[in-house]
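Several structures are given next for inspection.
You will see two complexes here that share chain A, one where it goes with chain B and one where it goes with chain C.
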Partner chain A sequence: MTEQIDKALAREYEAGFVSDVESETFLPGLDEDVIRRISGMKNEPEWMLEWRLSAFREWLEMEEPEWAHVDYPKIDFQAISYYSAPKSMKDKPQSLDEVDPELLRTYEKLGIPLIEQQMLAGIAVDAVFDSVSVVTTFRDKLEEAGVIFCPISEAIKKHPDLVKKYIGSVVPKKDNYYAALNCAVFTDGSFVYIPKGTRCPMELSTYFRINEQNTGQFERTLIIADEGSHVSYLEGCTAPQRDENQLHAAVVELVALDDAEIKYSTVQNWYPGDEDGKGGIFNFVTKRGICHTNAKISWTQVETGSSVTWKYPSCILKGDNSVGEFYSVALTRGRQQADTGTKMIHLGKNTRSTIISKGISAGKSNNSYRGLVRMNPGAKGARNFTQCDSLLIGDLCGAHTFPYIESRNPSAIIEHEATTSKVSDEQMFLCRQRGLDPEKAVSMIVNGFCKEVFKELPMEFAVEAGKLLEISLEGSVG
Partner chain B sequence: MSEWLESAITRAQNLNDWLAPKRAHAIELLTQTKWPTRKTEAWRYTPLRPVERTKAGVVSGDANLSPESITGLEAIELVFVNGRFDATQSAKELPTGLLVSLGQDVDSAQQTVALNAFSTIKPERHLFGLVNDALAEDVILVSVAEGVEITQPIRISSLLSQGAESHTRVQVTLAKGARLTVIEDIQAQGDTLSTAFVEYDIAADAHLDHYRFALQTGTNVSIGGSHFNLHDKSKMHSSIVGFGSDLSRLDTDIIHAGEFADAKLNAIYLLDGKELFDLHATVEHAMPNGTTEENVRCIVADRARAVFNGRIHIHRDAQKTLASLNNRNLLMSDKAEINTKPELEIYADDVRCAHGATVAEIDKQALYYLQTRGVSRSKAQVMLNFGFINELIDLMPNAALAEWVRPIIRERFAQMEVK
Partner chain C sequence: MSNTNSLLTIKDLYASVEDKQIIKGLNLDIKPGEVHAIMGPNGAGKSTMGYVLSGREGYTVDSGSVTLGGQDLLDMETEDRARAGLFLAFQYPVEIPGVSNLEFLKASVDAQREARGEEAITSAEFLKEAKIACKQVDLPVSFLKRGVNEGFSGGEKKRNELMQMLLLKPKLCILDETDSGLDIDALQVVAEGVNSQRSADRSFIVVTHYQRLLDYIKPDFVHVLSGGKIVKSGDASLALELEAQGYAWLQNAPAEDELEG
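Right, the complex of A and B next:
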């Protein structure tokens, strides 16, 4: 048994490698000049630069949040390089053939089916390699439907009115420390616009990938679903092995106008650090969506990576009858720390929200659910149901629940439930009696524990998530 | 730091008695403490403006106050009036095995023991606990000898006259196998400020039944704490009934310092007008095999605000712990507000913990049903509210107390009509 465990524990991070693409990278450091250079590199209009600079000035006044149940060394923001672009971008590849083959090989190693498999899967990929979007496929098909799916840097130039109207409208510039930083230095990300009454013909997907050493990754995603439209967006990521901690502070803003629906799914598998938690990614993300009348936003996340996660995908249920959903599986092992959850802010009448959170802690990790359900005075007849379950594997880990419940409307109904338990001896006995080895048994039990969340994921993602969980749990059983 | 705290510290610095070492320590911590704001987690929903603006001060001389009697209850009375121990109104004859003394009257050896025990149970993070450490003058020490069961309950009453400030402190020690019932009670007139803290040390196999009534309403600031330390196989059962005031804050801390200890906490609070009541219940499971069961129910009417923070912390060694927390809230008006946060912090794997919280209004269908049977709307409301609370009153181990508090609650419901 111990041998098995040792073997499994010694497992290397599968996506751990650094690919050799020549990159143009800024020297570490952050001041207004760096922001001007980022903006300049992107040929941004003046208003964008001003917006960045004002966010930067706000950020300088702000303090780093300390309330989360996580512990990490203080980040030196002057030691981070704020821009890194694959060099081959200078010539702007017109087709896949022109793309640096090294890049393509990187994706292949990661198992991202960029070319043929993409077509078979029917997914358009806006792949982000470090900070610049390299390849966008299926654009024609999307254009036909009137869907805009492009790097945000391109949208700033081509669709300034849309960007100007909605950027920072859901997550204000000074919303929090990391969001403000992102506003100042974001390099790229995705922009999606679904026109009125349109059902996006395919699932949109972005694979993030952190590559350059010491490069902070500041993605910015803006998705606008116009009235009566529908879109499903997938985000997944994995990163190569390295020694120094990397900061990732992304901002995702979703706007669901009347009767629109956005489904946002994430599988996150960034480098969690070595056995001592050294070298993993710091993932401080702000994700928020606003729902107008009858709109729906559904967040589904499977979090297995990063050394420190600080992430609360939220919904502002502004319009009457709008719906917010949050389905989450967060698995921590080794020395990982996750403080994640959601905020459901009920403003409109008859708004409904559902929160299902499954936390699995193993090794010496700490996993916290932190959530807020707020019923404002106008939230007549609103409804919330929250369920947070934690599973502990091993006696050196921690599972925590911090739900904030605030109600100011008597007709709103809130229900919150939380449980914590371990994989029971009875369950293990039953499985082993039927010939399953302990690892398979745990994996099966955990899969059952997470079923409610997995069923919300698009099919391809659900398979990937299940596999990811299985791999992540290897070596956790004892 | 607030002016109020500054003046409290200055006052404390002028006091000189056997409590000096404790006081000095508290003053030192207080001078380092930041005055809580909305960003201070422990005071997030409870603004301290009523403390900053309090008109209460030290009132000396005869106040002519005496505790209300409770029918059917023959208690051993311990009475504080405006923060000072009132020997004339307090019990003079005590059953064998029970010792009650005033801190300044015992010999120095006993004082040293008491000083060392202070604040080992009450956490030092408690701002007003420190204020109490700094300002309490008369301290009552209660102890029950090994194996003795005191059948008569002890009632600690703190009485405050108009505009008075009071800081009371009691230390209760139950020796091995002892059994005791303690009632903590406050009766205050308007514009008062009080901090009332009791620390309980419950030795192996001992059993404490505890009650805390905070039924004063109006322009009062009432801050206090009941803190329990449980040793091997000890048991405690606490019942709390609170009405709100300008600011009412109660902290209960239960520490499982021994194995196989059992704690039960049932709290009810009923708020009306512009009242605020804030209950922070913390349970620390430091040792294995402990059990905790908490039931907290709250009804909020008019413009009142209720705050609840229920934290269960299971330490690494506390394997085989069973802990549960159930928090149910009823909102009766559009302007009322409930903020609740049941927290779990768990570091041991072989445990079973659960919490649940609900916020809703009275079941409209039940209300309708009663009305179709000829019960008036307001009567029906009282009935339903009462049903919601009554279960917890039934769980009170002392029948006389349950019967005493029931009509008081019923009367409260009659006031708390839906607005």
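Right, the complex of A and C next:
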């Protein structure tokens, strides 16, 4: 059976093409001057530059974390270019007609048409290409509802009060090594503000694409849901197939004020490297949200790409009765390594959190769940439920679980369930005996395993995610 | 023994599991519409026969030939054998958590239709057929939404196997001890389901330990499998004889076509 499954798993990376776009790219290297130039390219106000520089100085004093269950060569931060933008973006196209058609074609090829007539109704997209946002669709319609959805570089200029108040408020500058680096050099990303009592009329999504060689992508996303508001947001990511590793170090901050709800979904499909582990994206990401009273943040992630993933979307449950959720599917194959999970920090009374993590390991990959559930002294009556399931395909891969549980309130209840299973010979035989080929059989079994998480995704994307797993597991993709 | 009208022809079949030879010189010829019962003591190779015919990995054919509808069965992949009309009802059906019965069945039916060059069945049409099949095997329609065999009782699993058979409409059904673990009511449901599917172009191999099932599914032929080959064949009355006398008298008797010691 192993041979059949290996064959079924040998995948082609469909998003691995390179777009022929003339770009303006900084020479590799990182110092204060580079940060000044990034800030200058974006015409940022002085306070933003100062913020970046102070983060950079903190970063210089910090050490690269080594506690994760991943193994990769030391990153030479001076060999990375920290800014790259298509030349055509320099004069800020005012409408879609002025955007370089090659850029539009890139997104079309990835299944993200940016022409509004062709788009999925009800989904607004911010398309980020290397270091800049190319276009944000449906902005007028959103503005009518009072929703702000724009590149963060624009928000810094147009909505400085909101940005100043919230940036770095959930993930402090020196939170960790990669977060500090991001604070210093972040280039673009999305900014969302949902006004009080507003239900965002559309799904919001950002599509990140790395194109240039030797560049890092340092995107920054800030979502603020004001009191009683509601928003559902999705991000997708792809990159060309290259032999060198590329660094992606993002920071995402979510602020859910009283009675607000944020649903944040990720479909991560960065280039994972080849069979032998050559190339691929280092995906070192800090994502965290804060929930005020009665607020709710729900993270859903489908992680199939990247050669190394280091990512823990977390919730600080500050307000009483607030709710945090984390639903994750992480698939690793070839030589991929993933160390992912969540942190649920219960501060308020009667706070609740749910963690459902599904790890699928194949090939010679390593897949680790790392999760922290902390009940602080004030978390009276707080509850957590964690379910952590691992599925092994073949016998050369690894699945690991590192749960950290800290309870400082005797009335808090913490439940943890974990299982490990294999795609069994019996299951494969049953499927094939009914006429299914091995590829279809594996993808069906894996999709079944992930069902609890997929049902949390917005409908359009649940189908996408299922397909993505299918592609990831397919042998002969045209 | 072989005949151009045969659906299944097994000739001098030798097969092993993990280097241990279990099937040792099996010969069997089945014509369309016939029901053959295979009986025999534990370890005779009854289940192995089903696995070898359906192409389960780990089961190797050492020598001999098998044709299904004139095609060389042993040369085909497991899924191609299924698409050619071979169906195995499992003795211990496995669970596939999270994959709904309906989804699994539709994918199976579609895979088989595609192999025949037919279009995929529409969801509405399939649901209609599946509901009828549920009724026939006395399973609530809600089972279509549940994960494949997930949390099913033993009897429900067996009826679920039968439902799959009804929907896939195979040419050759191998029922591997489908009666084991069934109470008398469930046994009758299963037998009725099988009987309803008997037709001139569908044949059955009914593997069973006990004569009981054969009270409900009347076989055309009964064979005794012992030591990896058929040591005695007869009509339905042979099953009654076995019920009365056990297998011991046959195990010690030399086979009619004994090939090696």
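By our rule, the second predicted complex is superposed on the first by the 457 of 478 C-alpha atoms of A that agree within 3 Å, B and C clash if a C-alpha of one lies under 4 Å from a C-alpha of the other, contacts with A are read in each partner's own complex, and residues count from 1 in each chain.
Here, a contact is a pair of C-beta atoms (placed from the backbone, for glycine too) under 8 Å apart; a residue touches a chain by one contact, two chains touch by 3 or more.
Not measured: the values here are computed from a predicted model.
S.K.: Could you check whether chain B and chain C clash or fit when both are placed on chain A?
M.R.: fit
S.K.: Could you tell me if A:398 is touching chain B, chain C, both of them or neither one (first, second, both, neither)?
M.R.: Touch partner of A:398: chain B, not chain C.
S.K.: By the touch definition at the top of the document, which applies to A:450: first (chain B), second (chain C), both, or neither?
M.R.: Only chain C; A:450 stays clear of chain B.
S.K.: When the two structures are overlaid on chain A, which partner does A:435 contact: first (chain B), second (chain C), both, or neither?
M.R.: Touch partner of A:435: chain C, not chain B.
S.K.: Looking at the overlay, what does A:426 touch: chain B (first), chain C (second), both, or neither?
M.R.: The second partner, chain C, only.
S.K.: Go through the superposed model and pick first if A:418 touches only chain B, second if only chain C, both, or neither.
M.R.: first
S.K.: So, A:406: does it touch chain B (first), chain C (second), both, or neither?
M.R.: First partner only, chain B.
S.K.: When the two structures are overlaid on chain A, which partner does A:67 contact: first (chain B), second (chain C), both, or neither?
M.R.: After superposition on chain A, A:67 lies in contact with chain B alone.
S.K.: Now for A:321: first (chain B), second (chain C), both, or neither, which partner does it touch?
M.R.: neither
S.K.: Minimum CA distance, chain B versus chain C, superposed model, integer angstrom?
M.R.: 16
S.K.: So which positions on chain A get touched by both chain B and chain C?
M.R.: none
S.K.: Provide the residue numbers of chain B that touch chain A in the complex, in ascending order.
M.R.: Within the complex, chain B contacts chain A at residues 41, 316, 319, 329, 331-361.
S.K.: Within the complex, which stretch of chain A touches chain C?
M.R.: Per the touch definition, chain A meets chain C at residues 1, 4, 424-438, 440, 444-445, 447-452.
S.K.: Provide the residue numbers of chain A that touch chain B in the complex, in ascending order.
M.R.: Contacts found on chain A: 67, 69, 375, 377, 390, 392-422.
S.K.: Spell out the part of chain C that touches chain A in their complex, as residue ranges.
M.R.: 54-58, 77-79, 81-83, 87-88, 90, 93-94, 96-99, 103-104, 107-108, 111-112, 115, 147-148, 164, 168
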